Structure formats: structure tokens, C-alpha cells
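The structure is given below, and queries will be raised subsequently.
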Amino acid sequence: MPGLEDLYREIILDHYKSPRNRGTLEPPAIRTEGHNPLCGDEIEVYIAVDNDIVSDIKISGQGCSISQSSASMMSAAIKGKPVAEVRALIHRFKHMMSIEDVEEPDTSAPLGDLEALQGVVKFPVRIKCAVLAWNTLAEGLDTAAQ
Amino acid sequence: MTIDIDHIRADFPILADTINGKPLVYLDSANSSHKPQSVIDAMSTFMAHQYSPTNRSAYFLAAQATEMYEGARTKVAKFINARHAHEVVFTKNATESLNLVARAWGAANLSTGDAIVLTHMEHHANIVPWQMLAAEKGFTIRWVPLTADGLLDLSHIDQLLDGAKAFSFTSMSNVLGTINPVKELVSLAHRHGAIAIVDGCQSVPHMPTDVQDWDADFLAFSSHKMLGPTGIGMLWGKESLLDAMPPFLGGGNMIADVTLNGFTCAELPAKFEAGTQPIVEAVGLSAAVDYLNAIGMHNVRQHEMEISRYALDTLTQRFGEDIVIHGSKNVEVRGATFSFAFRDVHPHDISQVLDQHNVCVRAGHHCAKPLMRLLGAHATARASFYLYNTTDEVDALCDALTETGEFFTL
Amino acid sequence: MTIDIDHIRADFPILADTINGKPLVYLDSANSSHKPQSVIDAMSTFMAHQYSPTNRSAYFLAAQATEMYEGARTKVAKFINARHAHEVVFTKNATESLNLVARAWGAANLSTGDAIVLTHMEHHANIVPWQMLAAEKGFTIRWVPLTADGLLDLSHIDQLLDGAKAFSFTSMSNVLGTINPVKELVSLAHRHGAIAIVDGCQSVPHMPTDVQDWDADFLAFSSHKMLGPTGIGMLWGKESLLDAMPPFLGGGNMIADVTLNGFTCAELPAKFEAGTQPIVEAVGLSAAVDYLNAIGMHNVRQHEMEISRYALDTLTQRFGEDIVIHGSKNVEVRGATFSFAFRDVHPHDISQVLDQHNVCVRAGHHCAKPLMRLLGAHATARASFYLYNTTDEVDALCDALTETGEFFTL
Amino acid sequence: MPGLEDLYREIILDHYKSPRNRGTLEPPAIRTEGHNPLCGDEIEVYIAVDNDIVSDIKISGQGCSISQSSASMMSAAIKGKPVAEVRALIHRFKHMMSIEDVEEPDTSAPLGDLEALQGVVKFPVRIKCAVLAWNTLAEGLDTAAQ
């Protein structure tokens, strides 16, 4: 059985305690909700997309350290990035989480700090926590594209 | 100790196992219980040497298996003091049992303008089937509120039950541990002309059950929470009600005759048992009931009251204001199931740190989201105890909680 | 022999048992099959050392059990060549699977004036759920007739399917042994805009299955007929259909959220898996699929064709006009399931005399009363063979039949 | 395992091969149907009741040797008997078949030939065959009493 230090890297706890980009955005920013039916975690992701760039992002809702820090790190990683790059990163992140059905990603999307979340894979039940924000973001991008 | 705990623990092979060299501290029996060797052996032996389909073929093996299957029914009927064995219907789990009542009794008896009463502490299994039916039939659902202590607030019960057709409630909350006054609730329901449906999932495994003394109309419960296998649940119902109900699932075994134009139903209990039944599982369940009977349900309850008292005292002493235990502190009206909040650590993170010490608790909404909203929590951690748990395991929980606190204040 | 029959028989403990000093000649596998030691062991080991509730709690044991449960799903999906694992829903038996389709798909898609098509050789499990729904919704049921040979008579199939919403049929008759041309039937259904529902109970255990090649819409089958335990069945469905369907049973696990005012559904497959699932049974089923894969379904089919050829030849040679075997004599279009009449001895009496020799056959209507009426019989005796049966057992059947004839002409 | 001779006594096979009182009765005689859903056996029992006496009985339908011979022996045993005596015999017969819930019967109703059916008890699956005619008769008597 892997140890706690595999899961709770320092940077994760840091994002958990001081989450980045907390808050909400007013319309026309897009608001998307996500649930983890297993544990009751809820998240709202707000994104503003201008000229195919995610110009702003805010996160609210609540959840465990893993879902909260993953959301916080995600927001820091994608703010100001082109939508295409964000999509590539979502793909790469889900691949790192060894989600079924996600093929070999384009590794040009750099993971940076997000690599700290790699340890989650050893705790399969927590993968859903780590991925919650990312799935919610992906849904938001789909709405934006419509 | 009212029961010989070492002896009991020796009957459960998994309790002797270690993970990473440390023993298992299993505190999730409200979710599902472990199985004694006698249950495992009964199923293995049956599959290896006695297996046969039941209630169909006429050869020796089939007759023997049918007797074992029906024997399980008789045993379960006695365990809850049912008047007749054929009042016990085998289902796949308590959830199916409750869906059966909603669909078969409910669809025939509820329509627009009607009302039924549930409580604010129900499990989703006793909420969603009614909501599905209500969306179709147009009746309303009324909710019994809770007191600050996590008991049913009966101050407006007469108003709530006025004109209601059914009152469906849990005998014990799987979140708060609250034991409801079933007999009193049944009599309130009947006084208002409503039938009384009891979700017995959390109480039947932990204390004596007497459906005749309760005068209840239906009782749903599950094998896997009372030392038996998964894949089998029970619905007990009063003969007259079961007889008057339309069938639930259609297929083999539940019919008297089938033509191209329609079918007629078999007698009880076959009427509600369509298709090949959980035969192996009934044999395992039968051994589980034997096991519980040998210990005595009064003794199980006694043991869990002692654990509860110790857990309440110890957790409060060691963690003071750092811990909030939901529900009543009076062990007379609660079972050994404790939902709690610990500092501001998220339940998922609590359970993760506890897991490092093989302390197994459930973190989440416990399939009771309406209750969680009432508690103002998205999730809680829950430690639940059974006949095989010890006060030492309460200490192990406390030690692991101490470490959780340290870890998350680094 | 295409398979090592001695080796296989050694894997089934019950086949080495004797009753009254004589070996068991089990010819009732179309009813339910025996279990190899590997299935029994997988379940015992799981219960003794790995048991945990799944998909809820987060501790190590729970994560491991969840992986095993979901692993069973993936294995079953591969076994029938499903596109996605989440297209496989676990139920309690094939009967529940068919009720699920009727209730969830049917209730949402069928109304007055609609029609569905069944065949005259269906099992009650594929008749009664539709009759129950038809009584409520007012659609009509049309029936595909049979040829004298016991095959589907497709001469008016276009007329029957004209305007129909669904065509639900068995892949193999449990009475006649007839193997239906599933791929052709699916394509006929689709050409008329009907969905195709396959009752795979009798074919999936006995030959390769490829739902994508068939292009079927739903497939129902049972674990207990394919070497697995009772208490678990399967429904496979096309993702798009399952996604569009309302839920079936309501309760825990199948919801995304529940409030006092209503609920929202979880994603597939949880949406259709309410309550605690047959976890132990999924582990056993997983071992059964491994066992069948190791032997190879083509080899199972090959072996049963050899047995069928031998049985048809031997029964005809030894009993001539004294025996009437229902269904086709062409082993290419039939499985190793033989319903027969023997002189004027009632099937119940045949099975009784056979039982004296431990020859286990089923006597009755085989849950197919409309077909029995068509055959002009109230009951038949039925001998059905599986991968563990031998041609010696065909001889044992014949010897016992000879004695039956002698006994009843005393 | 008990042997065939326990089940198929000579007198049973005799009644099976030469069933007594086969046929039907016209109304106002009472016709009652019975099924054994297990094996598909069907039976019709026709009774004429006059002055509380079962003055005539006919049996039709079909089934296995046990259900047929039990019906035949039943018809021979009750024809011309007072209803009360017939009810007592039904009770006694079901008691012999060790049907659940049937209490100790009044043994003054003599079983006679019917005792040959006692061996059926050793073959629990066949008890339903033996009892089919008797349950159907009991239903007919209930109808007659209305």
C-alpha cells in the first residue's frame, strides 16, 4: 500500500490551504457545475473565453484536499492559455490519471506543477476527486464552443 | 462483555488478516458486514456438492436444493417473527424490496391527490422509488422533520399523516444511528389509515425484530449487512397485502399460466420471485441467521451498546471540540453508527489517513443527501460497529484521528 | 474430442460425487449449470480475505473490491465483444434484465397503437414482462410462428415487423434447442425501424457471442447458466439506448443527486445498478468467464455438436418410434438441448425413474407454455448437455429410458 | 434415496392405467380447475352436491401417474359421502402428505386405499402432484357451500 506522502505532496497541501482563483465570474462568463456522486463533492467552474483564449477562470464549491487542490492548480495552469492548448492539457492530465479510453496524449502540453498529482493514481478511489474539476472545465469549453 | 468477542472474531477469517503488517480495523459494517467462516463454507459446500436449480426439476438434487432454499425462507421468517414463511419474498437487496413495494403496492394504491409520508433521515433507497412513482402518479410526499438531537420530530405527526396512504420510515438511521420507535410509528400510521413500511436495513442485523409485535405491514432488509452474502435481500409483507398486490417482475416461476393473450400469477411467495433465484445466496444467508441466533440478538445489541458508550466517551474525552458527533448521545436510542466531523478536515481526507492504519470508515453522503443537507454537511466520516468489533478498535480509531489532525495542520 | 473432457470433469467437484454409490449424470444445464472449483474458490477467497462494499468507501479493501467488481464487468464486455464496459449492467438474473428493458425502454417508447414482435418459442421471461406492460400501455404483441421443424417461420416476417417498435427473441430455444439466425433477425428488425432485443440465456454459455457483429440493441443473459453463481445476471445495451432510457430501480448508487423535490441519475452503468450490488457473485462470474475463455467458446460449441450428433443417432437407433424428439435434427441449427416424449409415459414419471439412476433431466413446461401448447404437450422431458457432459452420459440416459419403458409396461 | 417401489405401489399404477370416474358432469354440477404450475398438470373436478352429500364426481384433465391416480382414488373414496366426511378426509390426506400448516386431523376419516400414496412423502416434489386433485375438490366444495 502506497504511503500518504505519495498522495499529499507539499504543493498539493499548499494549493488546498491557499486555493488560487477562488470566486465566481458574472455572465457572459460560462458557469459549469460538477458533482462527485461518490462523496458529495461539488464544484463550479467559471470561464471567460475571448478570441479562443481562456482569459479568466474562477472556482467555487467545496471538496476534499485532492479535488480542491487539483482545481486550484488547474486554474493556475490554464489561465490566459489558448483553448486548444487547454484541451491538450486536459487530455494529458486525464491520461496521467490513467482514465480508461484516454489515448496517448500530445506531450507538448507541459504539466508543470500538476505532476505532483501523479501519486493519486496509486489511490484509484481518489482519481475521481482529482479529475472532477477537469471534466467540469471540459464541459464548460464545450458550451463555449457552441 | 456480554459475548465472547475473541471467539467471535476467530470466526471471521478476514479479521485475522493483516495489511502492511497491521491488523484490519473494520468500522464500515453499516455499509456491509464481513462473513463468518460458516457462511463461506455453507456456500462452498453447496456449490461443490449440492448445487441444483430449485422449484422446477424433480430429481433428488433439485428436491434437496429446493428444501434448502425454502428452509432459508422459514429461518428468515422466524428471525423476524413473521406469521407465515410465504410472507417472506427473496429479492436481490433491500433496494429492490423497497422498489417492489413502491411499484406493486404503490402503483395499485396511489394516485393524484394522495399523499405518503417519509422522514428526513431516509436512505435514498426509501426516497427515490417513491419519487419515481410520484412523478408518474402525481401523489405528494410529506417529510417528517428531525429534532436537533437527530430524532424524529413527531410534534406535527398527526397533521402529516392526515389522509396519507402510507408511512415509510427507517427503523434506524444509517447516518445518525437514531433508533426510531417503530411500534409507535406503526400505530400512528394505522390510526390514520396509512400502511406502515419499515426499512429495517440498519436495525435487523443489530437487535431483535418482531414484525407481529410491531404490527408493521412491510419490512425490507438486506443479507449482506447481517453476515450473509451479497445478491440477496428480503421483503416481508402481511399476507393479505401481498396477496392483493399485482406482481412486480414478470417471468418464469411467478406464473400459474401463460398464453399468447396473457398470464395468471402463482401463489405467494412465487408470485414475487421471477426467474432463477439467488439459491447459493439463500444457503449462505441461512447460515448467517444460524450464526446470529446462536449468539442471540439481545446479546448483539448489548455488546453494541457497550461499544457505543465507550466510543462516545472516548471520542469526546480525547478530541473535545475538535470532533462533532451527529445524532443523539443516548445509547438507548441509538445504534453503534457514528457520523462525525473532525476539525475542518474533509471526510475523504480523514478516511485516507485512517486507511494508512487499516482503519476503514466510510466518507461521503451515505446515500442520504436530504439528511446531509439538513446537517449542513456535504459529507461526513462514519464509523460503524458490529458484533465483532472491540473497544480496542475504538482506541485505534482515536489514535488514527490524532494523526489525521497532526498531518493536516503541518 | 475437441476438448480434454476428463480434465474438464475433474474441475467440477460435484461430477466426482456419487449418490447411492452411482455417479451423477447431470443433464439439466439448460436449467442451470454446475460450477468449477475455480469459481467456488474465487468466491470463498474473496469473502474470507477481500470482502468489502464497492463504489462507495475509499479505503484499500474497498478500492480493491471495486476494481474486482468493475474488472468482472470488463471481462463480460469482452466476452460478448461489447464496445464499452459501461454498456454492461449487472442485474440479478436474465429475467430482471428483460424486465428492465421492458420497463425502462418500453415504458418510454411504447404506447397505444404500437406493436412489438415476439416469437412463439419464447421463455416466459421474454413474454410476461411485455404482457404486463401491454396491459398498461395498450400496445399489441405479434407472434412469429414456427415451422414443423421447430425453426422460426419467417415467411411473413415483413408483415409482422411492419410498423413494429421492437423485436425481442431468443437466440436459442430452451425447449427445442433451435439456434436462431440472430444477425439476420436483427437486420430484419432494423430494416423495419424496430430495435432488436436478444434473449441470450441459452446461447451465450454455449457458443461465441459478438453483439457488435450482430448489431443487436440489447442482450440479456444469466451467470448461473454459464458456470457462474446464482444471484447475478447481465444486460448489455447500446450506449445510446441506455443513455436515453429512464432508470429502472431507484435508490443508492444510481443517483447523481437527491433532494426533497426529486433526483438526477448517475452515469452508466451506475444509473441501472441501484443498491448494493452482487459483489461476491461478480467475482465468481469473473472466474467463470476466465474458465470458459481458457477452453474457448468455439471448442465448447464443437463439443456440444458432437454430443448432439451422438444423442440424436443413439436415441433414434435405440428407441425408434417410441421416442419423439422435438425440434430440428440438424446439429448445425440446434444446440444440445433435447425435449422429448417417450411412449405415453408422463415426463414427470420419466424423470422419476431416471432419477433412480441419478440421471437428472427436467420434466415440465420449461417456462414456455405458449410453445408447449403449440407442441400439443402439457409437458416434455428435457435432457440438456454442456461442456462437461460425455457421450457415455447419453448412453446412461438411454439405459435409464429403457428401464422406464419396462417399468411402465409392467 | 427411497426406491421407486416406495412411490409407485401397484394400486397406484392400477388407478393410473384404469382411472375411475373419468368424464364431466353438466351444470348444476360444479366444475373446478386446478393447475400444477411446476409441471403443467391440469385437472378438472366436477361434483354434484345434494343434501350435503357428494352424490357424483367426475375427473378430467391430464397429468402424471401420481396426480392421475390420486384423483382417481379420491373420486372412488368420496363418491356418495357426506360433505363433512369428505372435508375430514381432505384434511387427513393433506396431513398424510405433511403439508405445512395442516394440524393433526380427525383420524375417524378412514384412508383405505389412499394409504398407498403415503410413499409420496419421501419424494417432496411429487407431493404437489398428489395433492392437486384434493385442493381442487376443496375449492369445489367451497363453491358449493356458497
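Details
By letter and in written order, the chains are A, B, C and D; residue numbering begins at 1 in each of them.
Rule of thumb we're sticking to: a contact is a pair of C-beta atoms (placed from the backbone, for glycine too) under 8 Å apart; a residue touches a chain by one contact, two chains touch by 3 or more.
Everything numeric here is computed off the predicted structure, so don't read it as measured data.
Counting C-beta pairs in contact across A-C and across A-B shows that the higher total falls to A-B.
With centres defined as mean CA coordinates, subunit D is found 45 Å away from subunit B. Inter-chain spacing, taken between the CA centroids of subunit C and subunit D, is 37 Å. Shown for subunit B are the residues in touch with two or more other chains, namely 19, 56-58, 60, 62, 255, 257, 348, 352, 363-364, 369.
Multi-chain contact residues, meaning those touching two or more other chains, occur in subunit A at positions 1, 38-39, 123, 126. The touch graph of these protein chains has some other shape, matching none of line, ring, star or complete. Only residues 1, 35, 37-39, 100-101, 123-126 of subunit D touch subunit B when the two sit together in their complex.
Those residues of subunit C that touch subunit A in the complex are listed here as 55-58, 60, 62-63, 66-67, 85, 255-257, 266, 270. Those residues of subunit C that touch subunit D in the complex are listed here as 19-20, 346-349, 352-353, 356, 363-365, 369, 372, 378-379, 407-408, 410. Residues 13-14, 17, 19, 24, 26, 28, 31-32, 34-35, 37, 39-40, 43-44, 47-53, 56-62, 91-96, 98-99, 102, 123-125, 127-129, 131-132, 135, 141, 143, 222, 224, 229-233, 247, 249-255, 257-260, 262-263, 274-281, 348, 351-352, 354-355, 358-364, 367, 369-370, 373 of subunit C are the ones that touch subunit B when the two sit in their complex.
Partner subunit B is touched in their complex by these residues of subunit A: 1, 3-4, 7-8, 13, 38-42, 62-66, 123, 126, 129.
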